[in-house]
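Scrolling down, you'll hit the structures one after another.
In the two complexes below, chain A is the common chain; its partner is chain B in one and chain C in the other.
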Partner chain A sequence: MIRRDLLKFGGGAAAGLAFTPIPWRLLGDTAMWSQNWSWMPRVPRGEVADKDARCTLCPAACAVKARCAGGVPIGLWPRESALCPAGFVAHHIAWHPIRLRTCLHRGQPAKNEDALRAASARLSGASGSVAVLDLVPGRTASLLHRHHLAKLGGTYLVPPVVEGATAAATQSLLAQPVALAAVLSDVKTVLSFSTPLLDGWAAPGRVARPNRQFRVIQAEARRSRTAGIADEWLAIRPGSETTLALAIAHCLLKQLSAPAASLDRFAEWTRAAEAMSPALAAQSTGIDPTRIEKLAAELRREPSLVLADGDPVGGPLGNELQSAAAALNVMLGLHGLKARPAIPVPKDWAGVDETPISNAADGSISLLIIDEPTPGQALPWSLIAPKLAHDALVVALTWNQPHFAAQADYLVPVPVFLEAQQDAPAPHDTPQAAFSLSPALLPAPDGVMHASDFVARLAGDEVAFADRLAERIKAIGADPKELEAGGQWIAPAAASTLAARRILPPGMTADRLLAAAQRPAEPLHVVAHGWRASATSPLLGKLWQESALRDAPRSASAHPATMRNLKVVVGRPAVLDTPSGRLPVNLSADENLQEGVLALSSGPAFTQICQSDSSGAWRVPGAKVVPA
Partner chain B sequence: MLRATLIFTAGFLASLGAGWLALPKTLYRTEAQPLSFNHQVHTGDKGNMACEDCHSFRENGSFAGIPKLESCAGCHAEAMGETAAEKQFVANFVKPGREPQWKVYARQPDNAFFPHSPHVKAAKLKCEKCHGDHGKSTTLPLYQVNRISGYSLDVMGRPAGRWGLQRAGGMRMDDCVACHRQNGLSHSCLDCHK
Partner chain C sequence: MTRTDKASPAAHYAMIIDLDRCEGCGDCVVACALENNVPPPNPKATPRTGLNWLRVFRLEAAGRDVFLPMPCMQCGEETPCQSVCPQKAVELDPATGIVGQIPERCLGCRYCMAACPYQARVFNWWDPQWPAGMEQTLNPNVSVRQRGTVEKCNFCHGRWHAAIEKAAAAGGRGPVAYTPACSEACPAQAITFGDLNNSEFAALTNKPESFRLLDSLGTGPKVFYKTASTAVRAAVTGAAKDTPHA
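Entry: the complex of A and B
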């Protein structure tokens, strides 16, 4: 036997192999093996049963039916009229690859007790104060944070209001301030300034086409999904929304009813509105003056509502525009805005007031605890960083790993949707103060800790969140079994009549409004937008992005002429270069966009490069796109 | 030249032998069922039971599969006969209330959805159409599991079965599609891969 014989034998064996099942069988078997890796979630075998539940990922708290196999949820369906895409896959979040499952200290594994000890040490030793930044205010956990912070002498911080911002701005104009909800079913026309009204802003069942009894006019710089399915899209130049609002007010002033003229600060509002004729506004907005006049007449003819809430990821639209929208609502008769009663709270839960993060003193926080229980809360770090003391300790109690990985000293995992009972904040699109609970259908992984329990232990309170939640339910007077079974407690609707006392909030002047209306356009105006649901499930993000139904995070589009000016081409790697940092983007051409506009689909990375301007809007000033 | 051809042929035959004879024996390992079970005692003259008496449908129409211990305990709270298997079942499972962890011959991959209800209730298929004479067996067949994929031989079928060289067995996608095609039924991907 020589080497050549071995080669011949091997050749024969290789030829023979093709005529055996070995290669073909191994191909099939290894393909199936790859479907069963141990870390992949497996659907348990067992009885398939449907359970009624509530989705508490957003304030809408939609009624869902959870199909469970062997007790584990494998699918969610709407129990009533509709469910948003995020709701259909909300049960995926527990298995999301970015889900935080263990405590991390600067990227290294740690224990929750380490984070607690470090926080306690900071509380007892350093000057300055403790603050909790609640990214989803309005929950029972939020009330408990405020209660515990009262014991600790701390501050309860909330991010800028985005969804519900117009209602909040209008609330400050009332003779007797009450919480307001925007009730779309009460109006015939809604003028929406860049608000994702039909795409996640409201409970989908209330804005789905068959149920919609109101007309939507969307004034927005890009053809968003809301703009695409609205009754009319006003392709406005970016940053000129306040101009359009003032021009509409200019037209409305001519037909003003007497009561509005008697309101406080009316002269200030009139001065701003009169200075902005439709002809002048047309130069900034790109909308024909006659269309502006017609729009004002349409709004006046029927009960109408103006909304300027902004995008949950792209951020608020600025105080000036929100004030102008609120003033327009007062001029139009406060249609579509209704008082929303408060949901009862146990008597001994007194707590500190909430403080907008922008109002916190710079350098005042030595211990910051961030509560991020669900996906979708964007907040630029540039809003948080100035508030921290030099050696501040940051503890993020979060469901995901990457969001605060760079800034937080400790990342502490929290239970996610369906792993613990959670309540939703009161919805902003219904006057009914509702209390809903999502059930605990999944076992929470070892090591997760409810954010409320973390703050409670710092305050020396050993009562667990689950027990506190039961206290709250008792105080409300709801039946815990019905809530657990997907029921909803609804407070009786408030009967108060809304009456405005002023037309502009204190501090808002005609000069500020006009300055916002006449702000020079940026050479490259970045219009950021995001989608809450994209973070819920990697599967959904993949399906929608691959089908081009949604832009993937970090995808950017511009008019072909803009791309020529920027000397960038589609398909080549590019970078969004800003004074705050650089962000790699995937460019595509979109002829629906105006020249000089870059529409950026923003993920968490966007919050690292955007800044809050003097009006509170999130912008990316001085941006340019350069080849990578 | 002859020597070269012989060596080449030897290699060729060695591969064929390994592929057709050795592979089926090495690819599968045998796992034991928790206890011996006699279907024939239950379905024959003595028991006179039908398949659906134990393998029932739930109220919502879904198929319950292998019966739970409580179903068996309804008759076997105490041993009814003299067989060692039954005594062992009562002592080791019924009395302590321990559910037997049966290995399921027909368990499909997780990405395949097979509803019994439309096949049995609507299409009126007999159980034997897919499960053969399993209901008349006196002992349980060997449970052979693929070492790589983790699925049963009764699902994947024998390697040679695809070419008609062996009794194929198995309940693979090809079998589902063939039956649907034969009966003029739809067989789109999403019918089974939901």
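Entry: the complex of A and C
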């Protein structure tokens, strides 16, 4: 063998190697080996088992199976009915990146005791008063806040009612005011004014298509998710909803039954309705007069319900529209509205009454405690700020860091869903007064403090919330073990016969209604909307960041003609410039929108720029869009 | 290769999606991600680069919004992705009829994505990351995939495995009944899952209102759609034709 033969052999072997499985096998094996790097997350180990539980992130209190691996929940699945997307990932909230885990004082780490000491000092030397602002009223913790505030001589504040606003407005018209629930299964047609009826307003199991036995007519300025899947979408001009309600009443007056005419304040309501003929209303609403007449006839023909509840982020729609919707419900026979019995409360838990935050006196609060236990309803700071004394101390007992970071002196972390037993407020779409508990499946991190315990300690009450909850369960007469295992206590049904005494609430006049109906349109009308559950888990970004199923936070859309008028271009950075502040937005074109309308999906950022108008609706006056 | 060339499958899993019921709530998308350990969106992700095994598109037809959920169609004949994969990382399981994606073999060449007429495959552009501590909530039955691989719906193969193990432990053999996450999650019961060897279920796919996307390609998709509205059907089939290939 010569050297040349050796080289030929080597070269041939190297070339031949490429035609053998070896390199492919190497490639495949390399791919397999490279799957297990140290930075790749490892899946948990342990026995997988289901535990029955309840999701208490919203009043629906849906029954869930908590699938656990080694005792840690790895997913929530529907047990009896259905869940919303946030329900599936509600257990993620404990690890959410914005979760507050340690007490902060103006952004610096502090201790819960520091916040307690500062609050106590303010109480002892205060010239004003203490108030608790409860962002999720109706829970056991809410009752305890009221009880403790009675000892402290404080005020219990609640945000404006959004979901359930129509039922609340109707409640004030009854001969014997009782808590009302809107029961959709009792009606054949629902006329909804900008209410996200099919998108979070009701429990998904009650409004999903196979169970939905009623027609939905959605009167809304934008093609919302509810408008898109409703049986009919009335593309109404924004701000003209009261006009449409009065025009429908105008048509209904012609066929009125005798009992409605005998109600208190009927003359006032008639004066407003008669002034708004369908032809006149058509000019403001953009809806054909014959369609308005036909709509009134449809509502009259079969059991119908009118809803004007508003959006949990966009806010309430205003007292005038809510009153008009309630008056229409009275005219239509109060279908779909039922009395809800109260859930028992321990006898010695007497407390102060609820005060809507708008009714609190300006500059009257020297210590404000905000209770925000879950991702919930938005509340503009512009509603809170005027109520504070100039040197007021603000303590936010909250699950998340950013929401009140700029305004609160102290941020105190609270246990989140599945870290402590919690109950949910009664749902607004079922007549059953139900009581449910979410179990404590996860250990709460060190340093969290239940909001109720914080207020209790200020009031000198050393009984922990868990013990108080047990007292409530005993008062109700429910079996604690059944509740812990995902059961639900349901109060015996109350009589559902309702009788109205008046058709308009005190203070609501025909002039106010007509003024709301004839309010001049803004040059750029901002219609805000949002999904209150969007902050539950980062995984929900699948629905707006990795797909276009939902509108992303801080996105805005307008008709192409509006965008031309505003001199802004789709895809270029833009800013929504308002007298209250600036909000960067991503713009897109939407031909379904009317000219002069900007649909804003903002998330909590909206609360920084909106203002509550004289009717209680949240608006963004004087807004314009400018290139960034 | 046609279906008759293969060994007779023990099961022939398929899905029927009722477009008249789907209201685009997104439950299926979230449940799918939760079940299959699909990570939360990377900050740079977009609808084009996102990692959704099941995507839901919104169309307008018959005066309303129509939602089109699109998982992998589980093609049963001339499976395009399988035939182009140089790594044999795509396998049509004769025991189930499910087109499996084996991430350990995948080199990320994305031939399969180019070949898929339904754009049902997604590329994993980023290392999977969960917020600190949230790894504890991963599904132990599904492995986490590395970046640089292609992913797709596999009819919740982890659930099928669990069902097989449970049946075997009880002494059972052969096809098992199970429900994928999307079907379990749907509040409108718009997603029905079953075995085409079951005559009752197969009859549902043969109804006049049932159809498959791009049926003329002859790929034998095992995801069927159903609507009583011709306008909805025209919009959906038209949209599928218009969908640009990756």
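The rule we apply is simple: the second predicted complex is superposed on the first by the 580 of 628 C-alpha atoms of A that agree within 3 Å, B and C clash if a C-alpha of one lies under 4 Å from a C-alpha of the other, contacts with A are read in each partner's own complex, and residues count from 1 in each chain.
Here is the rule we use: a residue touches a chain if its C-beta (ideal position, glycine included) is under 8 Å from a C-beta of that chain, and two chains touch if they have at least 3 such contacts.
All figures in this text were calculated on a predicted structure; none of them were measured in a lab.
Residue contacts after overlaying the shared chain place A:42 against chain B and chain C alike. Judged by the touch definition given at the top, the superposed model places A:353 against neither chain B nor chain C.
After overlaying the two complexes on the shared chain, residue contacts for A:391 are found with neither chain B nor chain C. Looking at the shared chain after the overlay, A:16 reaches chain B, while chain C stays out of its contact range. Contacts of A:446 after superposition: neither chain B nor chain C is touched. With both structures placed on the common chain, the touch criterion links A:547 to chain C but leaves chain B unconnected. After superposition on the shared chain, chain A has more residues touched by C, the comparison being chain B against chain C. Of the two partner chains placed by superposition, only chain B is touched by A:26; chain C is not. Of the two partner chains placed by superposition, A:462 touches none, neither chain B nor chain C. Note: residues 28, 32, 35, 42-43, 45, 48 of chain A belong to the chain B contact set and to the chain C contact set alike, using the contact criterion stated above. Contact residues of chain B toward chain A in the complex are 3-4, 7-16, 18-20, 23, 27, 58, 60, 62, 64-65, 107, 109-111, 146, 148-151, 159-160, 162. On chain A, the positions that touch chain B within their shared complex are 5, 8-17, 19-22, 25-26, 28-30, 32-33, 35-36, 42-43, 45, 47-49. For chain C in complex with chain A, the touching residues are 20-21, 23-27, 29-31, 33-35, 37-38, 40-41, 45-47, 50-52, 55-56, 58, 64-65, 87, 103-107, 127-146, 184-190. Residues of chain A touching chain C in their complex: 27-28, 31-32, 34-35, 37, 39-46, 48, 69, 72-75, 77-78, 81-85, 88-89, 91-92, 94-97, 198-199, 204-205, 208-210, 223, 225, 228-230, 233, 537-543, 545-550.
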